[in-house]
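Heads up, the next two complexes both have subunit A, just with different partners, subunit B and then subunit C.
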Partner chain A sequence: MMWHWLLAAALLSGPMAAQDPAARLRAAGATPEYIQQVTAEFAEAARDGLPVEPLVRKALEGWAKRDRVPVERVVTVLAQVRTRLTEGRELARGAGVSTPPDALVTAAGEALGRGLSTDDVRELVRAAPTAPEAATGLMVAASLAAQGLERAAAVRLVHDQMASRADGQSMLELPSALADVLARGVPMSDIARQILAGGGLPGGIGGPPPGVPPRGGPPITPPGRGSR
Partner chain B sequence: MTHEPEQLGAAHRDLIRLVLDDDRPGRGVDRAVMAVLRDRQRARRWRMQAWLAAAAGLMVTLGLGVWLWPDGATEAPSGTILVQFEFTAPDAERVQLAGSFTAWQPTAEFTRHPATGVWRVTVPLAPGEHEYLVVLDGARWVPDPAAHALVDDGFGQTNSLIVVGPRGVVRS
Partner chain C sequence: MVLALPATGAAQEYSLLLGGTHTRYADSVSGSAGRAAGRLDMRGTFWSLRVEGGAAQFTAGGMALNGSMSGMGLRPLGGRVGLGLAAAAAGLSVQQGHSGSVAAGPTMIVALGRTAWQLTGTVGLIRDLGGTVWNLAGASTVTRIPLGRVEFLAGVVGTRSDTLTWGDITARATIRQGSVELSADMGLRAGDLANDPWGGARVAWQMVPSVAIEVAGGRYPRDLTGFGAGTYVEVGVRLRKGATRASAATPDTYLRGPVRVERMADGRVRLRVPYRGDADLLSIAGPFSDWQPVPMVRRRAGEWEAVLRLPSGVTEYVLVVAGRFVLPDGVVGVDDGLGGRAGLLWIP
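On to the complex of A and B.
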């Protein structure tokens, strides 16, 4: 629990985030014209009560890539981010979090941007014991899906992790654990099958809660490795 | 000024004793002096070797400590974990890291390992998700094939993605 608050604080209340967005863009060398165009989007987001930080980060990225990305494209992308944040906030509210914190709205918006469905977002928000844990879960599920894990398996893995409540921090280790299993040569389809069968990741991470038997499915043994 | 033998150092006392006591044929003062000097050199060598052994032991202990300590628990600023990035670019003159954690400014400089030619940089990162790219020779922005994932940056290009857990980034 405390871990998630610390994570949210690190993400949203760091020294960089505390600075004025325009000052941060100026510090990065952005021109006044660029700052003027992107801060209009920041103002819209603030007016709607949305977190501004995701837009500031995207604007900084757009400025750094200015050789290949015209400012008009950056403004379009910022508007898309704003739309997703709005949708993410509504989903969080619909899932029972009446006043979703910025970290949850941000994570929900980014999860939608990474291809999670509205049902996925709702399910994880409902399953999470707290709003910060929902934010972490959404971020991790979106990352797992970006790694190539079937979306349903990514959501299931995070869902099981939330249900187990064994260690809140271990959710953040799932992407590393998945990369490790893949590096050992286990096919992604086998990994997804084991997760969807309730067995978690090969290696024992993200399994079902203690006392809940897995719903079957053969064990997966990485090539060249015997079982312990 | 004269010195009594007990006021002299141990080596000098030994030398005087050897000179005075050595009445065997063929054992002159020169040979006695050389014997004492050899003893002193041997003692100095032993002391140096003892110091070197102690220093080596300390280094091994420290090295093991760093190796065994959880990632990020040694020097990382509070709330962050040290994460090492590696990149192979044998033809590059300069390699930098830019990402969400540097406000996308290429401020983190890789250094090339002289033996392997692999570029490395270690940066403190907060637990969570980070997007980044590797900048080659100040001009080419390329994704990292060792990242957890490659994601659409919304601008029609690709970013590298890593998720830093409480134990850092596990690389097999």
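On to the complex of A and C.
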């Protein structure tokens, strides 16, 4: 369980997260005009009770990429991030977490930004035993989708991992495990098919706990007699 | 003497320029000339050397031979600072005599994000066409600022030679678009030897990797070797052999394969990036550094390394090569919402 809290802390921490956002932007060399424009978005988020760190990070990224990104674009993107955070918070509440912690709101917002649907987010939050585990699961599912895994399969894989009560480290190994399977030449479509059939990743990571049959069929291996 | 900061991307290149020029070298050799010139560019991670030589045969009968060499070696002090030596020499031979110069001195380069700044002090000698030898002492600063496709170089040079003192401000902008490179220079001088501003432009069209058409023209300033200010127009074909020049190969051309991540025994995370180019500095940036470039260290040929304190989880990143944010081919990335992409790293 400690893993999830550590991950939740990581999700919210930048190198100097405790520092004033304007000071961090100044330290990065941002101009007063830039700081003024983006901090207006930070203030708006804080007023709404949303985590500010994702916006600070995006503003720092926008400043670092200022050669090709005008400040107006950065401000627009910050507003989009704020909207996704609001949506993520509402989804978490709707899934039963009455007071979602900042880490979960951040993870839900980022998952929406990386292509997970509102249903996906709701499903994973509901399936997670705790809010920090939900945050980890959302982060991993979004990463799997970014790797090219079909969204439904990404969510299913994380969902099954949660059902198996895997720890945060095992959850975090899923993207690397997927990369390994791909490196062995297994087509993505085959991987998705196996995951959606409840078989986890080819090679044995993810999926339901040993002994639990996919699709409700008879156990392949009886509980207590080894894994698949 | 202004020593350009070492560019990135090129390892070594031999080239031959064949063309024509219309200029005034000296009163006795001016007008149109056929010209052949060779150039050798060599560059390592912390050193660079350029040697050039050429001959111009004027239609009026005179001939001019010229040669030059410039180079520098640096010793890195941390990821952002390099200290070393810079040296340059040049010579010219025309019917009415020979001139030449040699200068050397300490140099320091500081990399601040994508901007690099160089300070050089030099002492040397100049021999003018009449055979008089002048001593020379100077200091220069050059700042390189890459902004997207455009690279700016701005320099300030102060020089003293016996009783003469003058200062130059120079600026150069280079833009690369596909196979075409356009650069424009200008300079202003104050003090002795002052005259009108000078400037010029050069266009190089890389038709194929080994052949480029070059067109240049402009005005050059008076110097101590005995030549007055003058103008020139030059057209030529440059034949190249060796590594692809920086303008033709983008920095990310050399990035292949994923970043390897390893949690070390002391809890820190080692990141290894496969990079086959000859960049002077490769950096990584992400939310873990507030998107400020963190310089990497070249461990061996084709691999750069950074050791960072990173929490477990997923983080975004980009690599910074020659001031550009790039991602290796084939890595897992996400839309950054800002019109580009960021890579994803899984930190164990």
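Heads up, the rule we're going with is that the second predicted complex is superposed on the first by the 209 of 228 C-alpha atoms of A that agree within 3 Å, B and C clash if a C-alpha of one lies under 4 Å from a C-alpha of the other, contacts with A are read in each partner's own complex, and residues count from 1 in each chain.
Heads up, the rule we're going with is that a contact is a pair of C-beta atoms (placed from the backbone, for glycine too) under 8 Å apart; a residue touches a chain by one contact, two chains touch by 3 or more.
All figures in this text were calculated on a predicted structure; none of them were measured in a lab.
Once the complexes are laid over each other on subunit A, subunit B and subunit C cannot both fit and instead clash. Applying the stated contact rule after C-alpha superposition, one finds that A:V77 touches each of subunit B and subunit C.
Applying the stated contact rule after C-alpha superposition, one finds that A:S176 touches each of subunit B and subunit C.
Legend: residue contacts after superposition of the two complexes on their common chain; A:R89 is shown touching neither subunit B nor subunit C.
When the two complexes are overlaid on their common chain A, residue A:R184 makes contact with subunit B while staying clear of subunit C. In the superposed model, A:R114 makes contact with both subunit B and subunit C.
The clash between subunit B and subunit C in the overlaid arrangement falls on one stretch of those listed (2-10, 20-28, 38-46 or 146-154), that is 146-154. Comparing which residues of subunit A touch subunit B with which touch subunit C, the overlap comprises 3, 6-7, 10-11, 14, 16, 24, 27-28, 57-58, 60-65, 68-69, 73-74, 77, 80-81, 113-114, 139-140, 143, 146-148, 169, 172-173, 175-176, 179. By the touch criterion stated above, subunit C contacts subunit A in their complex at residues 113, 147-148, 258, 285, 287-292, 311-314, 325, 332-340, 342, 344, 346-348. Residues 79, 98, 100, 103-106, 126-129, 131, 141, 148-151, 153-157, 161-167, 169-172 of subunit B are the ones touching subunit A in the complex.
Of all residues in subunit A, those touching subunit C in their complex are 3, 6-7, 9-11, 13-16, 24, 27-29, 57-58, 60-65, 67-69, 73-74, 77, 80-81, 113-114, 136, 139-140, 142-143, 146-148, 168-169, 172-173, 175-176, 179.
Here subunit A touches subunit B in the complex through residues 3, 6-7, 10-11, 14, 16, 24, 27-28, 57-58, 60-65, 68-69, 73-74, 77, 80-81, 113-114, 139-140, 143, 146-148, 169-170, 172-180, 183-184, going by the rule given at the top.
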